[in-house]
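Each of the next two complexes has subunit A plus one other chain: subunit B in the first, subunit C in the second.
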Partner chain A sequence: MSGEHLLARTDEAQLFRDLSRSNQVTTWRWFAGMGILALVLLWGIGVFVYMMTTGMGVTGLNRPVFWGVLIVNFVFWIGLSHSGTLISAILRLTHATWRAPILRAAEAMTAFSLLVGALFPLIHLGRNWRFYYTIPYPNERGLWPNMRSPLMWDAVAINTYLLGSLTFLYVGMIPDLALLRDNSTGWRRKLYSILSLGFRGTHAEWRRYHVASTFFAILIIPVAVSVHSIVSWDFAMAKVPGWHSTIFAPYFVVGAIFSGIAGVILVMAVLRRVFRLEKALTPLHFDNLGKLLCTMSLLWGYFYFTEFLTVWYNRNPEEWEVFRSYGKSFLPVFLLMITCNFIVPFPLLCLRRVRRSVPAIFGVSLLVIVGMYSERVLIVVASLARRNDPFIWHNYFPTWVELSITAASFAMFTMLYMVFSKIFPIMAISEIKERLFHTTERAIGNATAEAIARVEEHGEGEVK
Partner chain B sequence: MSGVVVIGLFDGVEKAARAGKALRSLPLPAGNITTISGVPLPDGAVCEDPRPIRFPRVVIAAWFVGALAGLGLALATYLLYPLITAGKAIVSIPPTLIVTYEIAMLFALMATLIAGALEMGLGRFKARKVHDPRIHEGKIAVCALVEPGDQARRAAGALTEAGGTEVRVEEGEL
Partner chain C sequence: MKHRWAMAIDLDRCTGCGACVVACSAENNIPVVGEEEAAKGRLMHWIRVNRYWEEDSPSARAVYLPVPCMHCERAPCEIVCPVYATYHNEDGLNAMVYNRCIGTRYCANNCPYSVRVFNWYDYKWEKPLDEQLSPDLSVRSRGVMEKCSFCVQRIRRVKDKAAEEGRKIRDGEVQPACVQTCPPGALVFGDLEDPDSEISRMFRDPRRFRLFEHLGTEPHVVYLKRRKGAGV
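Our next item is the complex of A and B:
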């Protein structure tokens, strides 16, 4: 090791250019993509206005299925949001050395999928213009939200998680915003100056910044777990066969982490390709996330089998009818779910060459997303379609209204991400620089290994 | 302490550490010396941060305030807008725990942002703080708050002797 520890281990200017390419270069493809997505979003907004003015009858909702694709979308987007912040927080707390290039993409995914997901209860509301009835404030109507309702717990939890995730994303960006401030001009400089709050990188600032980051990570993990538990209780608290289950909270959390990791991999693969981030997002990152995805596939399979086994053995007629419908009317959805969530991903993800191949793991993650969406369709729709009284059993198919709104939600998510990547650093540049600073090449025999210094403060001025 | 800031740029940590040591021996208190860098340095590597980090206490206090607020919201709801359902308690404990917990966590998260930013001194846009954007090129800026005149000259000399470049004296805050 040389006698002098340099902060700049690489050409810093080149590193900055590589990692902030998304902020610097805007091609016609970006505008074309935004244009197409804006059209889809506008179409979805138009359809929503049509649904609002005409009534919920234009959807496929009918007795007994009063929760359909709009609620499936809600659970799907909230589930997708689950992993971003959670992964980021866990990797920060465990000082995972490979975390840096993943953090920002994951945190942004959480924030945007939450923003999209939180719209669906309002879209599904029916008389949407009276959404403010759900807000607790003294009013002449004498109405107040019912805190005993799981839907109200949901509102409280999602607001906490949304604000927490946005803050977590923002705090993680402060050093990078300072970096951009010092490297930009015009309106961007003004914007970054305000958002970076005057962060300079003094010794005292860094120390407090690290403590604040750790606190955020510690606080956001239980919030993330609670949010999806509460989403599951929207279902589990009702005496509906297929929903009323004690296992639902951990099962939902596992499912959410599963789909969330798949979402992070998809986002990373797209960013890597679009912004040419091959040097930052290496096969190692996909390999590590692939291992996590493999574990979650196994866990999901375990939970699903446990849930099925107890119903199968017990043969409670009401609950068994729901499972029987998986083999009849809902067979295609059931097969899609099992195939995409377990049968294909688990064995494939056991293979190192699949995990290290970006196109392959992209494909597997896409399958998981499809599988998890199918799972939510089965949970929401199949349980209601086979609810207690056989005289009212009725299948549900979404109409063009729900499908349009669903397409618009995907467009909105992608647009938010595209706008974000134009204005804000999509890579955690400071974290990457910090990792480079702590990394040295160490010769072990004829091999060269990467050695990473980890700094631990033990007490007043004592550093190990 | 009112004064001026002496600032010098260094290529490596060891040179910056020598500068930090030289400034301490002037003598200058630890609180008057700091680094500005694009990457965090361990405490004690170049300078020490003598100020204790206090904002976690605010976060913990905010958690309890949030818990009280959540508890108050749930209880007030039950009592002011009682929802009478056969066989169900008007004041229900499990939902109260959930609402209390979520609002407590929200308060703690917001307190981390606000108290953390305040303790870092962020958001003071009008304050004239010394800075050098070349830290993003890998330089370390070693800065010291000194009295104008002789102490400033000696501090600048110490930074130059330790291998500092672009050593200068600026009006402003650390």
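Our next item is the complex of A and C:
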């Protein structure tokens, strides 16, 4: 057997250094990036306070378009959160062998986009300072929130998903935190000691860890599906032509996973570049995620087609007017959506060359993000702008207020991710090591133990 | 004493003059938002007069349709409010609690008639206009929804008076501002619990129809269809 397949202790140390590079050095670039993002975020917070003290009139909203970009952002961020945990859970359950380097980045994305997305229903309230009326707290007047309102279902679903995702992220991180604890000093050591809960890597601990992560993976999937169904019901339950549609729940779930996978690819490409993780995040991973993205693009196209076809054929005037506006006032948004969600990504993603080229698939994913954002604009705004009564039809365009808050939400997400990557293991180190352990032969004294698993044909196991 | 307040709008009589809008604004402390805000679609009127053209030509005749809150029996706005800021009261009215409203604007989205309006700003009444504010109802702050209440303050006053005098409310005794003002008498208001009231009679009119009846909201406002033909 050739010597280079043997996993020696020195290689293991090198692997650890490579994978946890993000925790070890903090460059001036990181601080500069944080500084710029902090400015954007502060500006957004300032604008929000201005909006709160002046009134929602500073937005572009009107009657009948009572919900605009702020609600689009809400759907967008919650949608983006959909892949992380879901991909990670599905890959764990199906024992997809290539999953290890993707898990952490995807799960962290879920947690942070949920944190950002959950702010928007509060930001968009007319009286934000009274948000606690929606919380069922005991009060002497016996007032209670209205659980018949889809907004309350939303609050419950998103809280459940947020807590679930954070737990899922944390539990999956425990062995890595223990690894970091053993390799760090100072405040980091203290922090990791507390967070790793005394994990030492005994057989019993590993067994419990595997049972727990399987359970979490099983439990989180229905929660993820339910959350975006309920987000869709904020719309589908309403008496609004263009919203009131039975297909909305599965359609939103598909759209959410579609944009979520694009988000995971974007995040992975950035991490790979910034933290030089080329060895861990290989073209194989982008290829596989690209296939998933291609499938979702097809599924999304199918859902959109069926939704459109029934309305087109039926010509129920109330619904048809909404779709007709896609060809008039909302034509640019409609074209952007169709192009970025289907016409360009689908054929490109069928090509292996595109899926395996990181810049190419990065570009395609960016298009999908833009396309899915446009889709939400069409759903939220166009349907309201063409309500039942033609006399009150009115178009909508966001003002600088909404755009600033939107920019701030992107800044906040990136900042959360940057801080996370500095403090926590951004790669699932122990999972990667476990996989490596299974796929390499090792020397025990003079004997050589055979590998128990094969490496994937293309790209995996480039760490030698 | 149970009531079921309702309104009928005779489209044969309506001239589209807009007096109901003015009267309502004066009665209910409705802010005047100005031309610029109105162009943005932010009129605060609780009743509006829709104008449609019968055909697409310069000589087309206009059709007018006054639209107040329909006070639906199965109100879509009520179930979607997360904090019960809008609810059904004992008289079948669809009522608003401004202090409870947090401004999700979901009720407005779910209203097929789009009669709910939102306080985009804290509106100001320049002196001496503030002196004309009615003390019977509040001036709403920014961030809350509002809408036609069938002049609930007038209903209360008449109820109190009738109770004081130990009698029933007479037909026509309660008149919302729009009904009181309407020059051609196109608007009629009354109690459906009283089978002999004018409103009950109008509810039996064969010309009767409801707006967006197919949505199943069961509005308490009905319209009497315009008769077409010579001399009309």
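We adopt the following convention: the second predicted complex is superposed on the first by the 426 of 464 C-alpha atoms of A that agree within 3 Å, B and C clash if a C-alpha of one lies under 4 Å from a C-alpha of the other, contacts with A are read in each partner's own complex, and residues count from 1 in each chain.
Here is the rule we go by: a residue touches a chain if its C-beta (ideal position, glycine included) is under 8 Å from a C-beta of that chain, and two chains touch if they have at least 3 such contacts.
Because the structure is a prediction, the values reported are computed rather than measured.
Applying the stated contact rule after C-alpha superposition, one finds that A:211 touches subunit B and leaves subunit C untouched. In the superposition on chain A, contact of A:136 is made with subunit B only, not with subunit C.
By the touch criterion stated above, A:199 is placed in contact with subunit B alone, subunit C being left untouched. Once the two structures are superposed, subunit B and subunit C can be ranked by residues of subunit A touched, with B on top.
Applying the stated contact rule after C-alpha superposition, one finds that A:179 touches subunit B and leaves subunit C untouched. Contact with subunit B, but none with subunit C, is seen for A:157 once the two complexes are overlaid on the shared chain. When the two structures are aligned on the shared chain, A:125 is found in touch with subunit C, with no touch to subunit B.
Shared-chain residue A:67: touches subunit C; no touch with subunit B. Within the superposed three-chain model, A:146 lies in touch with subunit B and with subunit C [touch as defined at top]. In the superposition on chain A, A:14 makes contact with neither subunit B nor subunit C. Overlap of the subunit B and subunit C interfaces on subunit A: residues 143-146, 148-149, 152. Across the complex, subunit A is touched by residues 11-15, 34-49, 51, 53, 55-56, 59, 73-74, 77-78, 80-81, 83, 88, 92, 95-96, 98-99, 101-103, 105-106, 108-110, 112-113, 116-117, 119-125, 127, 129, 131, 133, 135-140, 143, 174 of subunit B. Only residues 37, 40-43, 48, 50-52, 65, 67, 76, 79-84, 100-106, 108-114, 116-122, 141-145, 212, 215, 217 of subunit C touch subunit A when the two sit together in their complex.
The touching residues of subunit A, counted against subunit B in their complex, run 3-8, 12-13, 16, 136, 142-149, 152-153, 156-157, 159-160, 163-164, 167-168, 170-171, 174-175, 179, 182-183, 193-194, 197-212, 215-216, 219-220, 222-223, 226, 230, 430, 433-434, 437, 455, 457, 461-463. By the touch criterion given at the top, residues 54-57, 61-67, 121, 124-128, 130-131, 133-134, 143-146, 148-152, 155, 234, 237-240, 384, 387-392, 394 of subunit A touch subunit C in their complex.
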